[in-house]
Amino acid sequence: MHVPMKTSYNEDIRLIRQRGTLVWYALLALALLAAPFYLGEHHLSQLSFVGIYAIAGLGAMLLVGYTGQVSLGQAAFLAIGAYTEAILQKAGVPFAASLVLAGVMAGLTGAILSLSTARLAGIYLAIATLAFAFIVEEVLTRWESLTNGSLGILVKRIQVGGFTFDAEWKFYYLSTGLLVLVLWLMINLLRSRTGRALTAMRDSEISAQSLGIHLARYKAIVLALSGALTGVAGALYAHRIQFITPDQFTIMASVELLVLVVVGGLGSLHGAVFGAVFIVMLPQFIVLLRDAFGISSTYQAGLDAGVYGLLMVLFMLFEPHGIYGRWQKIKLYLDIFPFYRKATFRRQRMFQKSEQLR
Amino acid sequence: MTFASRLKMVALGALLAFSPGFGAKADVQGVSDDEIVIGTLLDLSGPINFWGIPVKNGMELAVDDINAAGGINGRKLRLVVEDMAYDPKKAVLAAQKLLTSDKIFAMVGSMGTVTSAATMPMVLERGLPHLFPITPAEMFAIPYEKLKFAFFSPYYDDVRTSLKYLIAEKGFSRIGVMYQDDEFGANVLQAVKDQLAETGLEPVSVTSYKRGATDFSSQIARLKADNADLVVLGTVVRETVGAMATAKNLGWHPAFLISQAGYAPVTAELGKDAVEGLYAGAMTPIPYPDTASPEVLAWIDSYKAKFGDAPNVQGVVGYIIIQTAAMGMQNAGRDLTPDTLAAGLEQIKDYRNIFGTAPLSFSDGDHLGSRQTFLAQVQNGRWVALTGFMHY
Amino acid sequence: MQGLIEFTQMIISGVATGCIYAIVALGFVLIYKASEIVNFAQGDLMMLGAFLGFSFITLLGMPFYLGLMLALACMALIGALLDRVVLRPMAGQPVFAIVIITIGIGFVIRAVVISVPGWGTETYGIATPYSGGVTTLGGLVISNEHLAIIGATLALVIVLYLFFRFTMLGVAMQATSQNQLAAYYVGVPVKSILSMIWAISAATAALVGILLAPITFVHVNMGFIGLKAFPAAVIGGFGSLPGAVVGGLIIGVVEALAGFYLPEGFKDIAAYVLMLLVLAVRPKGLFAQSVAKKV
Amino acid sequence: MTLFEGRNLDRRFGGIHAVRDVSFAVEEGEIFTIIGPNGAGKSTLFNLISRIYDLGGGSLVYDDRDISRIAPHKVVGLGIARTFQNIELFENSTVLSNLLVGRHSRGGPALWQELLFTSAARQSEIAHRERVEDVIDLLDLQEHRDARVGGLPYGIRKVVELGRALASQPRLILLDEPSSGLNPDETEDMSYWIRDIRSQLGVTVLMIEHDMSLVGMVSDRVLALDHGEVLAIGQPAEIMANPRVIEAYLGG
């Protein structure tokens, strides 16, 4: 490990702090930029989904990973974003505006939700958000004049001016570009006063409050931001799937986003991206596993649920910092080889303490 | 100049040189000299996999039978099955794989309305046929498009047909509805409303439940309070039994009618006394071994031999879908393209299969196989046909 | 008059459904009180219990009550094992970790049920000695299944009350749930107590599963009813056993009435709307003691 | 001049009368210590002042202004910062980041400027950083600047928490048992810092403390509390000699 010499405070708040990292990111950017040349459509479309899921995952990460507010209702924001986009597109609103409005709409809903949940913590909050998601799903089903109820809405492809996003590579660039933009906004937020206030609330609400952080206000802000990001992802999702119904946004979608942030690595932006890759790749991985062991597809159902469940349990038991945490350990191990000690990453109690006494 | 920036230049050059997304195309994707590749998306691991797994078996049996009989115009048929767990996102990804990596010639018998609705545009955009999705929703044939074909009588037609018959023959006048609050239930509700409107009636009571609900007491109580004499259920299996048992427990015994969705032996087995007298519209009779024709018996035996399990109506569905699609390919001749396949399918007129499915016809301008159903009733624990095929 | 009978009828079926929610909620609360773990797999435990009951009673042909007891015993064992193997290492971990791990356990249980030959994704029934009949009372009709549920809930509540009030083990459990450390210092074997609480909770889940079987049948998705028991537990205050029962009954009755008197759709969200309203007024539910963190 | 005054402060929890009719005044520039046996109501008193608990009766006057009803998060903005008995740091953040949260009450750019990290946001970050570096210099925390708080020894975390309170540039600082959990050396350091805070930064100190040697070393005046009531207020030596205080400690 080397400790860089710093000459100004500016260096600590730079986007990318080390030159070495810069090179790697540049290479990654290049690889992503050139992906349509060497990847087939199938893989590109998976990458598009990774982009969508990573944006939604960043929304969840902000809320769960950085602010410690467990949400089991992220699917509701996804749904509001998707429906806003679909309805606005039908009404002829241009994509640039409808995408923003989809985010704003989901964000506003988040802010309104926080009015009733601002005083809640821990499991109460988790269950309140779960309830919220059920209510949103029901409203979407019942408000038939607007949403066409259970029959769903067909969503057309994105059109900007005369340009239609009709090929896989176009959509890929769009979703990846938006992901990069969202990542940049997140980094900015996290290196600012608001971002610090959020992580402060996660670690100790009482002392955050005593330092002047208005808990209710920041909970509203984080729910709004998280909702907005997830809403934008929902809008993209609507275009990607091209057909949305309320029952695509059930608790399973919320759980999936929660798994994404946990498996990816709580409290890390890398984690959200890793988690999205994981969620999109997992089904293929399971098929590989199935074929490798020659398991009949009759047992696919059990296999899916089993792998999913076991991964959740095992990650929580053995790698609570997720894929990103594991990656950091491997990196450190290589960096300081042969001086690695098992206790280097002694397990700490994470983010929250007993919620009965909060 | 750094390595990174040089690499960038190379990439930019490549960007100018090619236009991405346009691979070289064979003449007809998925059709080679000796093989036709078709694909399907089934729910093998999701909430309706009790459909997906037997359908897959039926389909594989059909493919084996066809190939054993020499294939289609000298080509063997190969079926690629992908699981989508009844999840539109997975369906889109799996469809992408079938279309671009397996290079299928046609999508045949994909399952579920939402999932098929999400993937059909991808198939059609590539100029490939989308055949017989396993869902009685009209959108897979209407509005008419050259390459989309549907097999099943829509729920809408099925319910209207049964309802019309029951009102005319049994004299029901106070019709109530209980439907699942999804696209399927909405179709049933619409059918009841439209059929009643013909005679200037309205449903006396309309109530719904959320998919997966297990308690129907307030819904049934409301139907009872509104004094319905025939209750149309937009339900599948468990909800049908649950609703009828609840009514029985309230000491209330109206007549009940369901759509094809609940027409399965398991409904009668689970419900026992509670579902006696239940009416259902149906398109293919359930193959009970003791009353089956010799051809069907032979089929049941070959199914058992292959999968070690007695077939159910889902297995039949998987089988006849592939069979009918293969018929169209046979009619298309050696020069198999999406266009000739469409023309081949359009040659099918009043086709009746060994299972007694409603006669199928396709024509230029009408790609919905059949709108006909017959009315069946649970009597002594099994389904009995009350009528021949009819349409409202 | 007709209106009154309908109303009473709705109350009765609401109470019966509410009892189901109440027992599931009791299962949540027992574990939560003792270990601060919210068991999202409670519904799946219930499903597993029902499948065990189905196997003993329908597949193996045991007498109903024997099969019931055997299923309860098996589930108790499974509950204790879960605590020992999976949850004990998680003590003191944050909420979401517990949420995730219990959701994961739920998935694994589903996977097991789907993969066991003879279980799978089909729907099955359990024949009970009492099913099918109804009791009429004036204009009111109550089915035996509902009576059985109400009766079993009453019995369970009484047994649990006596157990916690009068047995050494019960008192030790209470002590553990109030202050683990203090209980440990005065010699309560906290770890085995926790395992026993899991055992009790899993057994109650099996009880609900088998009680529900004649009404909703046995299938892999029957555990989703657990999602309705959450509002019940929250309204009750999550830390309170009487609260769980009252919360369950409130939810059941409100749902039944909403389904009958309110427009379509309200039945399904009534529980959640009610819960959000309660939380807006009392952020820790109706029966919670207010405990503030000491700083 | 009186900087802070508690008038007839009163608070019950259920049947427990935790603080009853407590009145005292803290002069600007003073080091004022509250002592008392466990359960005397000292922490409750702090929590009343920092508005974590609502007053049952009485009023809080700070800088000639009644602050009995202001929102808890506004207290620090008035210039009243605090530490906690059992350390309430943000365990998963670095020391630097903890101290920067201490600057929260001193304002910052609008949310949209943070999201885009405009030059205004950058300027604000740098300005706060400069203030925080002053605190780091004062408390000798340079070598721990980028360390995660959760991994630091207890004694250092105690100092970090003090620094976090100082970062908000308070006029009055409430220290809840600054020496608890510290070894004698660390306690001595702490006593120097407490005096430095007063002399170099001009901050008035109101603290709760058990360690009588520390109390004697730094306090200007001492308030002894028992069973929620004031036993005595006066010079440290005077209070330690007070028989009622001695009895409360020994008999309590």
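Going by the order they are written in, the chains are A, B, C and D; count residues from 1 in each one.
Everything below uses one rule, namely that a residue touches a chain if its C-beta (ideal position, glycine included) is under 8 Å from a C-beta of that chain, and two chains touch if they have at least 3 such contacts.
As the structure is a prediction and not an experimental result, all values here were calculated from the model.
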(message) If I count C-beta pairs in contact for every pair of chains, which pair wins?
(response) A-C
(request) From the Cα centroids, identify the chain that ends up most central relative to all protein Cα atoms. (result) A
(request) Could you tell me the distance, in whole angstrom, between the mean C-alpha positions of chain C and chain D? (result) 47
(request) Could you give the separation in Å between the centres of chain B and chain C, each centre being the mean of its C-alpha atoms? (result) 37
(message) Rounded to a whole Å, what is the gap between the Cα centroids of chain B and chain D?
(response) 71
(message) I'd like the Å distance between the centres of chain A and chain C, where a centre is the mean of that chain's Cα atoms.
(response) 32
(message) Could you pull out the residues of chain B that touch at least 2 other chains?
(response) 49, 181, 210
(message) Can you pull out the residues of chain C that are in contact with at least two other chains?
(response) 121, 264-265, 268, 294-295
(message) Could you pull out the residues of chain D that touch at least 2 other chains?
(response) 52, 84, 88
(request) Could you please specify the touching residues of chain A with respect to chain B in the complex? (result) 23, 26-27, 30, 33-34, 36-37, 40-42, 45-46, 49, 138, 141-142, 149-152, 154, 166-170, 237, 240-243, 245, 247-248, 280, 283, 287, 297-298, 300-305
(request) Over in the complex, which chain D residues touch chain A? Could you list them? (result) 50, 52, 71-77, 81-82, 84, 88-93, 96-97, 100-105, 108-109, 111, 114-117, 121-122, 124-126, 128-130, 133, 150, 164, 168
(message) Show me the residue ranges of chain A that touch chain D in the complex, using the header's touch definition.
(response) 9-10, 12-13, 185, 188-189, 191-197, 199-200, 202-204, 206-215, 221, 267, 348, 350-351
(message) Taking the touch rule as given, give the residues of chain B at its contact with chain C in the complex, in rising order.
(response) 47, 49-50, 181, 206-210, 212-215, 217-219, 221-222, 225, 237-238, 241-242, 245, 249-251, 266, 270, 272-273
(request) State the interface residues of chain C toward chain B in the complex, per the touch definition above. (result) 2, 6, 9-10, 13-14, 16-17, 120-125, 132, 134, 136, 141, 143, 145-146, 212, 215-217, 219, 221-222, 224-225, 255-260, 264-265, 267-268
